[in-house]
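Next up: some structures, all given as structure tokens.
Two complexes, one shared chain (subunit A), two partners (subunit B, subunit C).
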Partner chain A sequence: MKRSTFSLKRASKHGGLIALVILLLFNILVTPNFFQLQTLSVNISQVATIAIVAMGMTLVIATGGIDLSVGAVMALSGALAPLIFGSQFGIDYPVLGLIAALCIPMIVAMLCGWFNGAIVAYIGVQPIIATLILFISGRGIAQVLTNGNLQTFQNPAFSYLGTGKILGLPFQGWLALAIAAILALVISRTTFGRYLLAVGGNERAASLSGGPVRKVKIGAYIICSALAGLAGLIVVAINSASDAARNGELMELDAIAAAVVGGALLQGGRAPVFGAILGAVIIQLVKYTLLANGIEDEYALIAKALIILAAVYLQMGRRGKHA
Partner chain B sequence: MLLSMSGIVKNFGGVPAVSNTTLELQAGEVHALIGQNGAGKSTLIKVLTGIYERDSGEVLFEDSPCNFQSPGEAQVGGIATIYQELNLVPLRSVTENVMMGYEPKRFGCFIDWNEAHKRTRDILARFDIDIDVTEQLGKFSTAIQQLVAIARAVSLEARLVIMDEPTSSLDASEIETLFGVVRDLRSSGVTVLYVSHFLEELYEICDRVTVMRDGQSVAVHEIQNKSKLELIGDMLGRDADEIEKEGMTQLGHGFVDTGELLLEAVNISTGQRLKNFNLSLHRGEIVGLGGLLGAGRTEAARALFGIDPLITGKLRVSNQDWTPLSPREAIEKGFAFLTEDRKVEGIIPDMSVRENLTLALLPVLSRGGQIDRAREKEIVQKYISDLGIKTAGMEQPIRELSGGNQQKVLLARWLITNPAILILDEPTRGVDVGAKREIQLIIRDLVEKGVGVILISSEFEEIVEGANRIIVLHEGESVTELTNPGITETALINALAHGHVGAA
Partner chain C sequence: MLDAGSFDLRRYISRNPQSIAVWIALLALVIFGLIRYDNFGGAYNITAFLNYNAMFIIISMGMCFVILTGGIDLSVGSVAAFTSVIAAYLSPHGIEIALPCAVLAGLVFGMLNACCIIYLGIPPFIATLATMIGAKGGALVISGAQTVAVDWGSNFTKLGMEKAFSVFPWTIVVVAAVALLLWVVLEKTTLGRTVLAVGGGEDASVMMGLKVNRAKFFAYALSGGCAGLAGVFLASGFGAGQPLEGIGWELSAIAAVVVGGTLLTGGMGSLPATIAGALLLGLVFNLLNFENGKGVVSISAYWQMVIRGAFLFVVILFQARVMKSRSQRVAG
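Our next item is the complex of A and B:
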């Protein structure tokens, strides 16, 4: 047992990168037209939203929590934006309307995060139950706001979020990288980041050392929801349409899967944000590989499950003694 | 002879938890098992009931060798254990709890509830318990739940019932009921192994007592022939007559005059475990808290540090009233608290030595939320070399360090906050002799610089030699105060024992 634990430990350290390299090599050799800018763009624009949400999820998981409401928050913020820039105010003052259409949904998303965090930190409800509240009601509110209709729009400035390109690659891909860089700095350089890992690593010790445990937890949920809100805006911008029923559907599962594949420990104490991006990319690439080679979507779901299984198995090794 | 365990050895990671231990129980006796925390009592019980596998040794139950692999097997074999934390299901009915796994069946698959309720009532009637067996178990008092657990054990025809601290959450009348049941068990030929920290209880119901210390059984007595003082002496490994050794620790170096009053606690209480606690602490003074396990020493520290809210009483810090509301506020007020359980309340195992060391200092080390990493490294480096912390580097995860070095890191976590009042709960437990000496020297050094120290230690020589005064606690109350010079271990043991007697 000890020996296998040790080799697992090493595999888990580089497992994600190895999987990525294998996937890339496989696709270059097998998948037609893989090595093209067009393919890259498509994949990046699809993976960016998952990656952005997964990074927020990683922070929440680092505190030992989980956030099931991210998909619903995406729907909510996505539903709000067209309502704002499509309103009379938005038409009369297009610049102010655009700013409001970006800011107000984000603020609402952050309020959702505050709500989740407060229930977890102050009332002590288990995170999976606490975030179930908005998981259920958030999408409902979004559908009420839009009367359950698909809302299409024409707003090139707003659509830049989802269709813009920098150096030929999708804007949201760059955005995801920028967010990762900022979060990585926050985690390694700030007291918030240090307390975040401390709370997840040993909540009692963190609290006894004067750590603001509740504030840190609430902060993690706020960041997670804010990123979900942003992802919701991006999805709406890509489609030039907001569909409250579909926006962010099953995103919570993709985000958790990406975070776990990226090396987050569900019991807390680790916040690998670049790992979350890596996890999202791996899941996306597997999905794409299977689709591009004519294998049906159902099998892609099974493949996704297998990846998660492999990631969790590798984590058992990482945990060492407890396994 | 009902049970005979001999030469039992159980190591954890090379460290012996139990070594060469013997336990012999007669049929139909109530046998007490006592010892300090960490003496190996629960390990021994877990070896017996199949939770741990023994490394060596022999167990004879009813004259045949046995080696249970799980508590379930032990129960089938006739050994039932009633744990401190009851292993019952509070949300299910009394009947379900008593019958679990042995439900009477109709047609081999449907539970015959009428029969089940009837059997449960019959079983409980033996213990004079008359309750609605269809109610949820959790609705009844802890005592009733405990009795239900015992009833279940007896209904499974246990010949040996092990009770681990059965009275710790019971009130006086509930304890009487429990004792009645224990006596009934004895008269019906069932053997009871009774683990308890409350010595006077033992005189009421136990026949014999086995004392454990440092993982070994050190004495077996007919309990009526021994005084509490002698039992305490056995538990601590001291002979009441031959104590008074000088210079066993690094703490005693004569006593300087102490400075102004730092802290005063007047009649504070936080609930059952701490009621009516008084303390005063001056600059440059070590005040020891004496008491047996469960006397309220750690609870006193928790109250001072703002972990458990005060129900009554008041605190004065530097002559100003102050109500501690959180550890964070206590830290800002100059408190530091080195906790007893390093693993559970101290280290953050996956974090580095550096991150663990500066955890309590982060508010000071940061500006606008950003950590000053250069200054952090400088401070950590200084303390690693000052305290002689043996580590591969400040980035090494703390879990890889030895116990003594982890403890030094945690001590450093508090030293860097420059505390005025330092609370130390078992600062040298589980560290090797060398590290212990060094930690004691560090404490001595702090006191000379004017820090006020509140010291909790189960090592008597540490507080006897180190403390200027010792406040003796008993059942959550401060009952006596001893003043150095002049404190001897005998005096302290007497105070502890008399505290015990006084409240009986």
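Our next item is the complex of A and C:
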């Protein structure tokens, strides 16, 4: 019994990395054309949006919360950008229009995060329900704004977000890494970061010791929504089109799955942002592996379900050791 | 044991203060509709409205039990999609084969959830999330990612499209029967009271020697079974098993339960109010259709989601106030 918990603990600690190595080895041996720059680029450009949202989700989960509204926020910010740079103002002043098309959707996204956080922190509503409000109505607002139409556009400067390349690799992949580095610094070096982990670890203790629990919680939701807004812009930039009905659909599930596979504890108290990237990469690689080997997408869903269950079950083993 | 006289309105209101709000809101919307629109109270609109919302009422009732235990079930939409495909495949054998088999399939998913949650200790949110993704994948696999046409020659489509005794659609009759049964279970049986007790305080319930695991198992299995039945309604009412349907149903159901005044932490809530919550959310869409039919203003159908979200927001604010005043009363 003791031995089994010991190996479980080890497996859960490095489970993500082990899974990644196995997936990579399998692909190098089996999948044709896997070891090529183009394959890498395709995978990076697809995984970056999930990773960016999953990092924000990790912060929210670290406070013991959850954010179901990320997909809706993506749709909302993605719908706003083409409306702004495609407007008369955006056409007359392309540079200002572009800046506004990047800033205003992000500000709106942050307002959404503030809304979520305020309901959770001040009214004391459970995060699932609090974020359900925007999950339901956020996409509706995006569709009302665009009248449900697909907005296509030609805007090379804006499209750089999704199609640009640095050193031959997609821009958004570098962006995701940069965000991860910044968030990791914020979590380990700032008081906000310390309180974030304290709030999730033991909210009552954090509050009794004078921590600004409410502000920290709202901050986590604002960061999460801002990152979702950014991801929404990237998706729109990749497609050169904004579809409010599809943008970010089911993203909340992918992001939660990536965060959990990456080692976030649903009870809070841990914020492994690089783990979120690892989780996103694993989920993407499983999907790619199955697809590239001619196995249909629907089996990838079943595989994803099993991965999530396995990841959480291994976490439970680790917690059992502590208790 | 069950006598009609035992229903005391005053007791119901005092025990479920939030629930009364949903009834008032529902009544207000209905009166508004009756005054403003011709044909709103017509037989066609009423039966079509109830027929369409039957699936949502069914899954909301199952969800209500799960939430009463303090849990959550995200898998209901995918499970309904899965069982709609099962029902469509079995439709040539008639409703008497297709319905039990589809409900059984739903029950199996529900029991799978229950086992993961109770015996493996996986949080309900994650366990049912995995089932949601897995069941969706399963539905796509068994259907080949295509809608599966039902057999129109058998009696299968009667359930969703024809009327019992030429008055009410069969779906409504089934929903009413299930609702009555579940209400009796919740209010009058040990199992039902245990479900409420578990949500009120799981540790205390364990210490009191209540069969906590049995109550939780029942709630998740029931939710799966209800989703299975909703899948049959879906296939029968629309003439096809639809593996891609069901997206977002779980959240609509959760919203209906919450709007009905059930506390998300469990332990307090009512089944009739859940049904009222589901009807209220459905009515928003129905009224919007009528408003557009008048031709005075044209409100985009996309507003319905915004309005539903706003409803949820108002209810949550209201609930929070009630809870606050209650805890102050307890403290003071």
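A few points about this structure:
The working rule: the second predicted complex is superposed on the first by the 317 of 323 C-alpha atoms of A that agree within 3 Å, B and C clash if a C-alpha of one lies under 4 Å from a C-alpha of the other, contacts with A are read in each partner's own complex, and residues count from 1 in each chain.
Just so it is clear, a residue touches a chain if its C-beta (ideal position, glycine included) is under 8 Å from a C-beta of that chain, and two chains touch if they have at least 3 such contacts.
Just so it is clear, the structure is predicted and the values come from calculations on it, not from any experiment.
Once the two complexes are overlaid on the shared chain, A:206 sits against subunit B while remaining clear of subunit C.
In the superposition on chain A, A:266 makes contact with subunit C only, while subunit B stays out of contact range.
By the document's definition of touching, of the two partners only subunit C reaches A:299; subunit B does not.
Applying the stated contact rule after C-alpha superposition, one finds that A:140 touches subunit C and leaves subunit B untouched.
In the superposition on chain A, A:20 makes contact with neither subunit B nor subunit C.
In the superposed model, A:42 makes contact with neither subunit B nor subunit C. Taking subunit A as the reference chain, the count of touched residues is higher for C when subunit B and subunit C are set side by side.
No residue of subunit A touches both subunit B in one complex and subunit C in the other. Subunit B meets subunit A in the complex at residues 305, 307, 326-328, 330-332, 337, 339, 344-351, 355, 359-360, 362-363, 365-366, 369-371, 373, 413. Partner subunit C is touched in their complex by these residues of subunit A: 66, 68, 119, 123-126, 128-130, 132-141, 143-144, 147-148, 249-250, 253, 256-257, 260, 266, 296-302, 304-306, 308-309, 312-313, 316. On subunit A, the positions that touch subunit B within their shared complex are 189-192, 194-195, 197-198, 201-202, 204-212, 269-270. Across the complex, subunit C meets subunit A through its residues 72, 116, 120-123, 125-127, 129-134, 136-138, 140-141, 145, 247, 251, 254-255, 258, 264-265, 300-310, 312-313, 316-317, 319-320, 323.
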